[in-house]
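Following this line, the structures themselves.
What follows is a pair of complexes built around chain A, which joins chain B in one and chain C in the other.
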Partner chain A sequence: MKVTGIKDNIKLRINKDRIFLSLVVLFSVITVSPIVLIIFKLIEKGYKQLSFSFLIEKTPDTLQAMSAISAHEVIPGGIANGILGTFLMVALAGVIAIPVGIISGVYLYENQGKLMANLVRNVSDILQGVPSIVLGLISYMWVVKHITHGFSALSGSVALSIMMLPMIVRSTEETLKMIPQTLKEAGLALGIPYWRVLFGILIPTGFSGLMTGILLAVSRVIGETAPLMLTALGSTVINTNISKPTSAIPLLIWEFYNDPNMVDLIWSSSLLLMIIVLTFNLVSKQVAAQRK
Partner chain B sequence: MNSDKITKIVLFSVSFIILIVAGGMVFSLVGGAIPAFKTFGLGFITSTQWDPTDGHEVYGAMPFIAGTLITSFAALIISFPLSFATSLFLGEYYRNTFVAKILGTMVDLLAGIPSIVYGLWGFYVLRPFLIDIGFENQGFGVFTASLVLAIMIIPYATSLSNEIISMVPNDLKEAAYSLGATRYEVIMHVTVPAARSGIFAGYILAFGRALGETMAVTMLIGNSIKMPNGLFSTGNSMASVIANQFGEADGLKLSALISIGLLLFVITGIVNWIGKLIIKKMS
Partner chain C sequence: MNTNILEIKDPILSIENLSVAYDKNVAVKDVSVGIKKNTVTAIMGPSGCGKSTLLRVLNRMHELYENIHTTGTVLLNGEDVFKMSPIKLRRRTGMVFQRPNPFPTMSIYDNVIAGYKLNGISQKKAERDEIVERSLRDVALWDEVKDSLTKKGTFLSGGQQQRLCIARALAFNPEIILLDEPTSALDPVATSKIEDLLITLKENYTIVMVTHNMSQAARISDYSLFMYLGELVEYGKTKNMFTNPQDRRTEEYLTGKFG
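The block that comes next holds the complex of A and B.
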């Protein structure tokens, strides 16, 4: 009697084990299913609109869109103002954040365990956790109010650069930590000046690591909408003046979403945004993989 | 002065920019929040009134604080089984296999999807679906926002706990196997207890992410200015009220929005700090 009892118990335990494994697999599949569903949805609804003219023409006004819809035509125009605005603002944000981020990362690496470096590292970690909308508020108070006296591309870039900065600091320090100390010592032993050891030996050696961090940071900020709503505002014309309101792809998506006549354009714009973001994402993974 | 010294000074002063930015941020937020706190006192935090009508303006942050906390908690609870299963899939069952590599990449890509695209998908796909299956009759509100938020924070919870789970020493697990334990028993009695604090820290950091999310929440929560009275009620979160009301704001209203920004900054700061503290204790 007792023996069969144990047998039953084993069966129960094995069944439990199997059920648990199937639950793990099921839930994991559910977890990643949104990425597939979202991409398919965007392609399904957005590919028709996506054409060459979509990339080089500026956004149509509501009336144009309305008449095209009533005539059952594809809405004319494109999102060139958003594409250019996004690249302008992200490039400017990179120009601000990349040098500061890399030099600070080098500083943290060179001063391991020191009080000041720990403070900078902790503060940088805090910055990383600040919600992007709060960065928008900050840039509004600093740049919109006091520097450009109006909504501007520069204020958008400042918000994005504060977002990028901690990611670049972190990835620079982590990358440098993996470079063998001997390399630096060899450089110093040859009498090479300190700054050339840092920027002529350490940085080039860790280049692909730094690149991964930068690309990842860029891919994060390209899709940001909230901070730009408070800073760059948006614009219907193509603008290259950094002290003027500027559009961006996510800002345009938000405008289209709120305008019943333009709502068809959200899919193609989102598809384009996703293609850009995922490309940066996958390229950064590729660079990281090559390193190993 | 020699070049080494100059290099050191340059490194130091550039890093100092980070401290200036952070310090300036706190300074500006507090400065901007002063008018609102001067007018309403600490009652600004606890009041549930929000009336921008000229002449008798009243602002209180409680509906938004409640909205933020409720959506983020609900998102955390919804995401728990999903990200726990995924981290076991990646860190234990299929560790270092091709399937895990693909699944891991997909989870990382989830983190890359812009918030506004999540919002669109939630609005045009998830919301009609919830109405169709009779789960919700309006499709808007705290629950829909939490559902999308849950998907958005999964990568953050998963990446840390997956790493910690895969670091649990093999001899611990093998000892349990040799005693006749099944894999499920090993996971529940050995792996999870050993990785407990790391898993917990991952969820706290994910929670911190959820608190500050703006666009997806704005598009799904309904943006009604009232205390949410349940999971299926509409509401508003701190981040989304800033995004929504900022356009026409100046004077006292702008100060009220900046105050909400300050509160959000403080809350996320505390949550992230707790998460970091747990991680530090582990290593």
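The block that comes next holds the complex of A and C.
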């Protein structure tokens, strides 16, 4: 009697385990399926357009697209203006946000528990929650109206840099907090001035942590559309002048969406954007893994 | 005048009426003591009695804490350390910490020369090579690492890392070396190597070392300083203190009644 009782009990447990395991698998599949479906769809619909000329030629006009479609040909041209614009604006945003973010992060690290530092930290956290279109609006008011007197790459960069800032501030502070205090002390005890200890010892030691934060911030803003609509506007030509309107990949996707003749280009542009974002994500994961 | 405190003639380091407080909490109470050149002086006492605080005042590392206040004077070779720039003072004093802490991104070579490089002192390569070799020879690490100077300092064993940290502190040819429990994170073999090293180093340097380990103090120090609740209770030749302690508290500590 007793023995079979135990056996039943074990069977029950095994069954419970199985049910639980299948639930775990089911929910995991539900979680990953959107991204798999998205990538699958993008590849299916976008690969035809994705060629070398797609990367180096500027966007076609709607007539070129229309005649290509009626001739059952692949739409000519590419999105070089958007690719270049995206990299130009994100790089410029980084040039603004990285030094400011790192210096603010150092300030927070050095002033743990102080009133002013807590205030800065909270404001930075709030900034992270501000809708990106509002940041676009702010940049419009500051830069478009008063600095470049017109839509410009610079104003887009300013909007993106404000978005990047909180992430860089936080990752800098957290990274520095993880570095043993005695490394800083060892540096200072050698008579090295604080700022050289910071740039010569602490920041190199936390380099991969800082890099991870920066790369995640970049991958976060690279697909932003709304703030750029109010600032960079878009452009059909390849532009490298930061005071002139500039295109970006997400802006082009929006434009293609609004033009029935260009719809085919949505997929290839989205696919490319996705590849770029995923690359940044993977690289930042790799950098983060390296520090362990 | 406390008769249990030995007076030192011509001290290299002279601490006069030094008191240190964290906010209202007094950690070092009116300590006056002279340190003799080319000796090893051990600072002993139970946990929390102010040993580290006292040591850190000597190269003004205590200034990293904002809530700390000091009164009294410290003279290094007759110069008031509170009146010189902390940067200059720290180049004249080497400091070694409880846990080995080589700079993790730097090679063995760069760790040793870090004080010069990061201070922006321009030197010829030969000059640097010479400093690195001398410092590593001083800590008996040269033969072990001379073929791997470009490897990261953190690849070394714990004991080797600590010797590397001592070499780093020696690179400026400091007048005095301050060590805060330098062997407490090391195994017995590595510990005894460091102890032997300190004994040879005193020929050229003056060593002040905080230690929790009484037998270590007995083995390597010439003078011992016993602190209790921030007070300097007794100071004298180590031999005398261990064989014939003057104060009841010293005796109780040395016989293991507390601490």
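Everything below uses one rule, namely that the second predicted complex is superposed on the first by the 267 of 292 C-alpha atoms of A that agree within 3 Å, B and C clash if a C-alpha of one lies under 4 Å from a C-alpha of the other, contacts with A are read in each partner's own complex, and residues count from 1 in each chain.
Rule of thumb we're sticking to: a residue touches a chain if its C-beta (ideal position, glycine included) is under 8 Å from a C-beta of that chain, and two chains touch if they have at least 3 such contacts.
Everything numeric in this text was worked out from a predicted model, so none of it was measured.
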Practice prompt. Kindly classify A:178 by the partners it touches after superposition: chain B alone (first), chain C alone (second), both, or neither?
Written response: neither
Discussion item. For A:285 in the superposed arrangement: first (chain B), second (chain C), both or neither?
Written reply: first
Worksheet item: More residues of chain A are touched by which partner: chain B or chain C?
Response: B
Discussion item. Taking the superposition on A as described, I'd like to know which of chain B and chain C A:193 touches: first, second, both or neither.
Written reply: both
Practice prompt. Could you look at A:237 and tell me whether it touches chain B, chain C, both or neither (first, second, both, neither)?
Written response: neither
Practice prompt. Have a look at where A:137 lands relative to chain B and chain C in the superposition and call it first, second, both or neither.
Written response: first
Discussion item. Just to be sure I read the superposition right, which of the two partners does A:207 touch: chain B = first, chain C = second, or both, or neither?
Written reply: second
Item to complete: Based on the superposed arrangement, let me know which partner A:56 touches: chain B (first), chain C (second), both, or neither?
Response: neither
Worksheet item: Considering each complex separately, which residues of chain A are in contact with chain B in the first and with chain C in the second?
Response: 193
Worksheet item: Where on chain C is chain A touching in the complex?
Response: 59, 61, 64, 86-91, 93-95, 97-99, 101, 103-105, 114-115, 117-120, 165, 168-169, 172
Worksheet item: Which of the residues in chain A come into contact with chain C in the complex?
Response: 180, 182-183, 185-193, 196-197, 200-201, 204-205, 207
Worksheet item: Touching chain B in the complex: which residues of chain A?
Response: 13-14, 16-17, 20-21, 23-28, 30-32, 34-38, 41-42, 99-100, 103-104, 106-108, 110, 116-117, 119-120, 123-127, 129-134, 136-138, 141-142, 162, 165-166, 169, 193-195, 198, 219-220, 222-226, 229-230, 250, 253-254, 257, 266, 270, 273-274, 277-278, 281, 285
Discussion item. Under the definition above, what is the set of chain B residues touching chain A in their complex?
Written reply: 3-4, 6-8, 10-12, 14-19, 21-22, 24-25, 28-29, 32, 81-86, 88-90, 93, 103, 105-110, 112-118, 120-121, 123-125, 151, 154, 158, 182-185, 187, 208, 211-215, 219, 239, 242-243, 246, 257-258, 261, 264-265, 268-269, 271-273, 276
